[in-house]
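Chains: A, B and C, in written order; residue numbering restarts at 1 for each.
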Amino acid sequence: MLGSWIAAALRSATPLLVVMVGETLTQRTGVINLGIEGEMLMGACCGFAAAVITGNPLLGLLAGAAAGAALSTVHAGLVLGARANQISCGLAVWMIGLGLTSYFGRTYVGGQVSPILPIGAYLPNAPAFVRGALDQITATAPFAIVLAIAAGVWLYRTRTGLNWRTVGESAEVARALGIRPTWVRFQSIVLGGLLAGLGGAILSVDYTQTWAQDITKGKGLVAVGLVIVARWNPYLAIPVALLFGLSETSVLKLQAGGMAISPSLLATLPYLFAIGVVVFAQAQGRRNAAMPADLTAIFRTR
Amino acid sequence: MAIAASADKQPLIVMRGVCKRFGMVMANDAVDLDVFPGEVLALLGENGAGKSTLMRLLYGLYPPDTGRIEIDGRQVIFGSPRDAMAVGIGMVFQQFSLLPNLSVLENLLAASPRAPWWQGRRRPVMNDILVWLNRLAPKLDARRRVSDLAVGERQVVELAKVLNLDPRLVILDEPTSVLTPDETARLHGFVRHLAAEGKAVIFITHKIADVTSCADRVAVMRRGRLVEQGAATAKSSDDIVSAMVGRTVTSRATPVRLRSQVPRLQIIGLSTAAGHSNSPIRGLTLSVGGGEIVGVAGVVGNGQTALAEAIAGLMPLAAGEVTLDGVSLACLDSGLPPAISTIAYIPERPIDNAVVADLDVAANLELRRLRQRPFLGGSTGMDLAARLIAKYDVRPNNPRLAASSLSGGNLQKLVIARELSGAPDLLVACYPTMGLDLIAADSVRQRMFDHAARGCAVLWMSEDLDDLLQYAHRIAVLFDGRLVAVVPREQASRDRIGRLMAGIERQDHAA
Amino acid sequence: MRRDLVDPIRFAPILVMAIVFLLVAMAFFVSIGKPPVRTLLDMVLFAAGDAYSLSETLVKTAPILLCALATIVPARLGLVSVGAEGQLFVGAIFGTAVVLAFPNTPAAILLPSMLLAGMIGGALWGFIPGILRGRLDANETIVTLLLNYVGVLLVNALVFGPWKDPRNLGWPATVSFPLAATLSGFFGTRAHLGLVFGILAAIGFGVLFAISRWGRELAVLKGNAKVGQMIGLSFGRQAMLVMSLGGALGGLAGICEVAAIQGRLQPGISVGYGLTGFLVAWLSGHNPVVAIVVSVLIGGLIAAGDSLQLYAKVPAASAIILQGLLFATALAVGGLAQRWKAARG
């Protein structure tokens, strides 16, 4: 029973975790990308469409990642090329993504994808007490966790990871050290977009196996906030994403459990949870101690 | 100071006819400079004379408009500091280029081109990076975050960072402005050591003391031009100062005689909370009388900011009380200062703490009067602004100009104009002459003393010990957030204050 | 500060922006298989070609302007609020609550009470991120973005639940508003009082920001909160104030939409007016008076989009695509213009 809850939470958290890892790396270079909401939508829509057309869910995931990366180049161009305000750029990209997916996705509403098999299907001899859990999660879940760990190792233990962090602390100092901040930021934005698209594709192709307009309903925006809660640390993204997944799972169970509370009201809980943890994280005395220094100008905190 | 005969040494670096213009300002005007290996060149000049610009040109941060730079006899053109570093030029900046959120080790790794791709826990390669750091500061733990380090320690890391690249020329930009006398002496010794090892060192400074302690040669800049060059021993201090300013200068500010001792500002047991970005004050007790000038010495980071802000009502008190003529100055529960209009406060770093950069000069000048009327407008604001600009020599003299376009020195003058043009009962001045040229600094000092003569209580924090020794009636010394001594001027000496600043000596003091 | 009323940076690139956007829009039309020039001309016609089109444009202008102001007022303090959508929905809730509770009150009392309640609801939805920012320094952008979704869900919860009109089988909505609570349109069109409120508010705030001490205090706090504290200003208090004021305007937009256009509270009362308002606010340089003009233009774009959907089979989502493209174009042109200007020295 507990295993089932955790598995469900993990399943729910997986798309979010993938997106969070991407945005963590982006913010580590001093760029905030609110457009990942639009990129996640692009990934969900194009991924779903590709999965329906080709019948292969993995191709769907790849297509979704590519779509997210493609849209993120708009954000990169605006932020790095035109040096425009990052919040506004992200919102513009979100609007474009929302509009494009609403339009081009309408033919795929109600479409069917072949599902990715859960892990349990590959391990028929697994013991009974993990059977339930293994039947619920697919390979995307451990993939997401490995991704987060790999990102952490790369960020903290390699030269290029240190370079990216240097850019996020001070583009000026990075330039003096011979690093090219603009090129690093371009890479981080596109990588963030790619992972956002992948997360979106996982959401539509694997988790919900449907497509509907605005299917992400703000998950990308939640991810931006949760990155702050996780202190821009890819390792911490795992428990944070899991907690959010748990809040979503609880809502689903409560809704299915026939409680007398309106399902819409219950659906506000994950958002309230996200707001709560973001506020709590920011109210901590030394919150800015971990924030990449170049981000503080964008957040305009005192 | 042994001088090698420069005639038979080839210069490492030759700069000829270097010019650089920023907008309307000619920062460097046809500068010719030679730099020889194995010797220390002191590059002197007032604030704004062009010394930093010249060195930044040499370091490749931007290209000269005209002129030639030659290294080892070959002309070079630098596209970026990377090119300069590749040729063996290293620079230690005044505002350190360290990343405060990263550890010392990470900062050194980031700056080192020899650092490996995989930075796990392999020992041998890391030790390479730490060699210079261990030489300079053997007790410094490289895993500490830079933001936790004191200023002197940060400078050591910055220096190690540069030396890791094995440079042939080391440029130091105003390194002694943030050090205690002890640390300064250590730095001078180290600089001589570097020269003895065959490196060339350029020491940018505006203090004569740095010249006499460690320089072989002196170059003086004034208003963008190089006006003097030669061996250090051949020049007297007066010669150098005249070259810096352009005429013989005697300080015209007259010290104030202390008349009464009636305390006006009383601080009893003041403590501020830790956890803000400033180092806290602990149990400080001090009083300042009407017409008295109490100087506060102590290296930046020992609680000066906390003390100033607590008195100005900007920082809540954790314990103790602060009163002026019996009225409490403590910060209110709302986080705001009490509505007392008779305190003048000149904070450090005006661009960050005292000025709204987006507003124009006139708006900044009338900030203190803002709460008096519900609607703006009218010519009184502009008239006032014009008068103050003229009186305090703020340049350019356009009240409608955005404050952000003023230079640091002129911003300082703007703040001083705003704060000192009234009739305050208490003046808290933090490094008010920093960034000002000699004449402006003199005039600011005079104005402060005029207020003291009027009966105002003056608390003056200064990085310049000579100023305090000459003009303050008593000198309070802060170390690590505590008041370690209050020394009357007659008993104060550079040595003694220096030791107190470094925490070496403590004294039971009478408040 | 006279400088604030008209920002000279905007003038020259505005023309470039408009041209580039038209090209981009035409490219978009081509990509969906519609004739580019014909569609553009249709849009202009549908926006302002006759009295009816104009009135429809003004119908859209009202909530857009109010939502733009909901972003502009906090922006004066440097706060980035994207919460107009949520404030709109919560304002609609509060206003509807009054109508549902006292349906038989005469219009002279019911109408102002309903509008006031709407403003209070919106103000509450603005106050929450305001106090979180003021007291805890929590980033208002993220909080307002997430509260938008909460606001929409709250409306859903009410109209699917306790407020559902029992006679409405399957369609989630409240009962129709009584006549006393309906904001009638002018001259037989649907353009309503909300537009007047918006214009008055825009002018009012414009004047206040330009010449009042409060406006200057906001500018000081926005530029350097520490200096503001030094002269006795409280960033936290002003944050709560501007967010509540902005929220009140967003709430007013919501209740006006319900009372004048929809006639009842139901899920689809906003087609993204909140985000559109943010776009308008940005395009106006955060100037309330300029926002009036820009709101009309964007209102025209959305009204034209509606008509295009009906008559030319252009998809409904194209309105938001075009807004996104407009936003991106404006950001690109504006940013490049600033870079070019800075490079010239």
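To be clear about the criterion, contacts are C-beta pairs under 8 Å (C-beta built on N, C-alpha and C of every residue); 3 or more make two chains touch, one makes a residue touch a chain.
Keep in mind it's a predicted model, so treat the numbers as computed, not measured.
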{"item": "Touch-based graph of the chains, sorted into line, ring, star, complete or other", "value": "complete"}
{"item": "A-C or B-C - the one linked by more C-beta pairs in contact", "value": "A-C"}
{"item": "Distance between the centres, which are taken as Cα means, of subunit B and subunit A, whole angstrom", "value": "45"}
{"item": "Chain centre separation (subunit B, subunit C; CA means) in Å", "value": "49"}
{"item": "Geometric centre distance via CA averages, subunit C-subunit A, whole Å", "value": "28"}
{"item": "Shared-contact residues (touching 2 or more other chains) in subunit B", "value": "none"}
{"item": "Sequence positions of subunit C contacting 2 or more other chains", "value": "226"}
{"item": "Subunit A residues touching subunit C - in the complex, by the definition given at the top", "value": "34, 74, 77-78, 81-85, 87-89, 91-100, 102-103, 106, 217-218, 221-222, 224-225, 228, 262, 264-265, 267-268, 271-272, 274-275, 278-279, 282-283, 299-302"}
{"item": "Of subunit A, residues touching subunit B in the complex", "value": "157-160, 162-163, 165-166, 169-170, 172-173, 175-178, 285-286, 289-293"}
{"item": "Subunit C residues touching subunit A - in the complex, by the definition given at the top", "value": "32, 78, 80, 82, 132, 136-139, 141-143, 145-150, 153-154, 156-157, 160-161, 225-226, 235, 275, 278-279, 282, 315-325, 327-328, 331-336, 338-339"}
{"item": "Complex interface listing, subunit B residues touching subunit C", "value": "23, 312, 314, 334-337, 339, 345, 352-360, 363, 367-368, 370-371, 373-377"}
{"item": "Residues of subunit B that touch subunit A when the two form their complex", "value": "61, 80-82, 85, 97-102, 106, 109-111, 113, 115-120, 147, 275"}
